[in-house]
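The structures considered in this document are given below.
Below are two complexes that have subunit A in common, paired first with subunit B and then with subunit C.
For the complex of A and B:
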């Protein structure tokens, strides 16, 4: 069991701040970096790999400071979103390449054995003599992953490795990666922009936003209790509905609907405004219980995805929300629709800071 | 017969192109072919001579010498300009205003007309008033109208100055299209600068370099204006290229039949050589080479690659 410790890492590019005061502890197994594009996931990985030097702060592996260790001397492997392999080398030579330049000398038999092992693990055995350009995208990425694993690095960085693959391959490879990495002793750092992927891994996660780590914890815990709007957005798939709302005397307004809202978190506090959040799946077209609140809105758009339909509806106030309906249903444009939600399913965020005020009931463990 | 009648009228859209190409390429070429087969003494006095002119050109020692000179010149040009072009492209700034500035500066020689290049260098290399000529004369005797070596070297240096930028620009564009991730991946592997060049850049530049090689070969093999202006093919015939010799025969001696045969052979040589060159370089990318099902492919590759991969086989055992 090893640990990687990031202490107060910051990075400036000229006058521009790229990373702000990042501190985190990652341990053996899969660690997820979750966040939208440009949130700083790749930059953080490059910092950990040593490709970029932090402006301040330090990185320690098992207690030993590695901030000043050169890239090639760090025990690091990197898999990119693009499929990066040596184009003129065969799959065998590609997987063997990090072993050949390793400081520890490996005999030819050792290298061959390790390459065979990696190829078997990733299902590449029949393709060892091919060039990367003669493989499919999924196979090319497998080669890149095999290359990364071949040297048994302490840290394995995977930067959105599945983003360029089609849906089916992504699902398949994700499942395989989970089982492969569960047997490795390395600290695996895996970045993704997709909340569903993060929830699927269900492991230690770090939510990134605008160059900061805003929340750390198990993916599902973050989903249930995000610290702020950004974390809620980063972990919500489909995107969470957000509506500005006013509040007084335990009565809140959802679009044009006033209703009773009883939350111990806000009782007795002087709050007159907040942002309400609700998952599209929590809004229904039929009442679900005695405390369901009914509202009506106009249909703007219906997206059918196969297993469910996303209905975009608009209130008289001009605000729009999305409702997720099971199955494929057809809706008329501009048709008036009755929707129901349960106040217990609402998230509350501070209007100015975005910080969470309350979570859906039942999500508190 | 209820099958729909095929509408082939789209053919007519090709006609304008056919006309243009006919007037610019096919008809002139056919006229040349016409001249090459008959000895024309006057408007009404012509004699069909078959392939006589072709034989004469092929066995003419002047033509053979010029051919050898051209081959040597092209090879030297490729050997100097391709590596130099790659070297310069790698030195150029990667982004920002510096990159733009470098591109403009590098591209300047490319937009100067041939004749201007020749004239500029003619003056530049004069050993009484030319900047270059006087400077070189300070260190060693330099006179391009007397020394064959000086004349040859001048042509080589001038062409390198004029055309290396083309290679540089092509390679620069090729280098910029390599994702940064490749370099980072190589850095993490601990690959040396040489290994990065050999295993990342060179394979990625393969296609671009092929185009550079082809263009530089064709252009240099057809070189005419610059040596004509700078040395006039001299001293003696030491810098006389095929093009200069051809012009002498066609216009100087007005030997139209021989010149016609010469032109066709010249044209065909460049055509065939370029085709072979291209075919050999793209051998492994031909569609036929990869259009097999994966299973068969593995087998067939094993068969083919046995001798190459015998080393690998041993390792695997």
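For the complex of A and C:
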């Protein structure tokens, strides 16, 4: 079991701040960096790899400061979102290359054995003599992953490794990666912009937003109890509905609907408005219980995905929300539609700071 | 059914006619272009008396005397070898200097990098004659006068900027992540550069080498000025062939043919890279 400790890392590019005071402890197994594009995931990985020097702060591996260790001497492997392999080398040579240049000398037989082991693990055995350009995208990324694993580095960085693959391959490779990494002792840092992927891994996650780690914990816990709007957005797929609401005397107004909202978190506090959030899947077209609140809105757009339909509806106030409906249903444009939600499923965020005020009932442990 | 056949046949006819016209034009242009070369080859295979007495493109009497003379006379074969020596030397040296320079321009940002990059090209804007006097004096002082190395160095003045310019385009075509991956994998820079990076831009290097060779090979003014007898280029030798008996047409033609050959060989070697290279780079 090894640990990687980031202590107060900050990065400035000229007068611009890129990273703010990042502290985190990552241990063996998969650690997720979750956040939208440009949230700083790649930059943080480059900092850990040593490709970028932090302006302040330090990085320690098992207690030893590695901030000043040269990139090539760090026990790190990196897989980029783009399939980066050595184009002039064969698949075999690609996987073997980190071993060939390793400070610890490996015999030819040893290297060949390790390459074959990696190839077998990632299903590349039939392609060892080919050049990367002669492989499909998924296979190219497998080569990159095999190369990253070949040297048994202490830290393996995977920067959105599946983002450029099609859906089916992504599902398949993700499942494989999970089983591969569960056997490795390495600290695997895996970044993703997709909440569903994070929830699927169900492991230690760090939510990033605008160069900060805003929340750390198990993916599902973050999903249930995001610290703020940014964390809720980063972990919600489809995107969470957010509507500014006013509140007084335990009654809230959500769009054009006024209803009873009883939450111990806000009782007795002087709050007159907040942002209410609700997952699109929590809004239904039939009442689900006695405390369901009914509302009506106009259909703007219906997106049909394979298993569900996203209906964009608009209130008289001009505000829009998205409803996720199971299965594929057809909707007429401008059709009026009745929707139902349960006040217990609502998130509440501070209007100004975005900080969470309350979570859906039942999510509090 | 019949109508379809008829139309397709008619279509074929017109298209074949078109292709014919095009290929005729092509051969016509090729003939116009090839004529001077053919004439040169023809003259080199005839005696002086024959050249002056009768007008013919295809020689009726072939003689290899002038070629024999070319290879036997040390002033001819010597200057020919001089040209080849300094051209090759220049190509190799220019590439050695330009590769790291182009890498720096392609991979790093430093203050004034864009201006410096453009300034390199401006070196080509001054006529070679501008540099004649300083070179002449400088080379006398540095004992480089009349040496192949001296000519090679002088030609680097305009060849290195060109090489940097071409190579930078090719290098920028290689994603920077590749450099980083190699660094993360533990490659020492030198090893990465030689075993991974260079093979990736080999078509660019081929194209660059072609240009370096070509410009150095055809350059006459500088090469002639900073040489006397030891490193005299073939082109200079060709301008000094008027003797008491007049021009030696046949020998001069033979020298001309010999001068074309290295270029042909170089093009033959880089022909596969040229098309690919021009598409990739931004020459």
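Assume the second predicted complex is superposed on the first by the 365 of 365 C-alpha atoms of A that agree within 3 Å, B and C clash if a C-alpha of one lies under 4 Å from a C-alpha of the other, contacts with A are read in each partner's own complex, and residues count from 1 in each chain.
In this text, contacts are C-beta pairs under 8 Å (C-beta built on N, C-alpha and C of every residue); 3 or more make two chains touch, one makes a residue touch a chain.
All values reported here derive from a predicted model rather than from experimental measurement.
Model built by superposing both complexes on subunit A: subunit B and subunit C clash.
Using the contact criterion defined above for the overlaid structures, shared-chain residue A:111 touches subunit B, although it does not reach subunit C.
With both structures placed on the common chain, the touch criterion links A:129 to subunit B but leaves subunit C unconnected.
By the touch criterion stated above, A:72 is placed in contact with subunit B and with subunit C alike.
Once the two complexes are laid over each other on the shared chain, residue contacts for A:101 go to subunit B and to subunit C alike. In the superposition on chain A, A:283 makes contact with neither subunit B nor subunit C.
By the touch criterion defined above, A:92 lies against subunit B but remains apart from subunit C after alignment on the C-alpha atoms of chain A. Shared-chain residue A:302: touches no atom of subunit B or subunit C.
Within the three-chain superposition, the subunit B stretch that clashes with subunit C turns out to be 258-266, the only such case among 42-50, 222-230, 258-266 or 294-302. Within subunit A, the residues touched by subunit B in the first complex and by subunit C in the second are 46, 49, 51, 71-73, 76-78, 80, 82, 84, 86-89, 97-98, 101-103. Here subunit A touches subunit C in the complex through residues 46, 49, 51, 71-74, 76-78, 80, 82, 84, 86-89, 97-98, 101-103, 147, 151, going by the rule given at the top. Put simply, subunit C touches subunit A in their complex at residues 175, 177-178, 180-188, 191, 196, 199-200. Residues of subunit B touching subunit A in their complex: 179, 181-182, 184-185, 187-191, 195, 199-200, 202-204, 290, 297-298, 301-302, 305, 309, 312, 315-316.
On subunit A, the positions that touch subunit B within their shared complex are 46, 49, 51, 71-73, 76-78, 80-82, 84, 86-90, 92, 97-98, 101-103, 108-109, 111-112, 116, 126-127, 129-130, 134.
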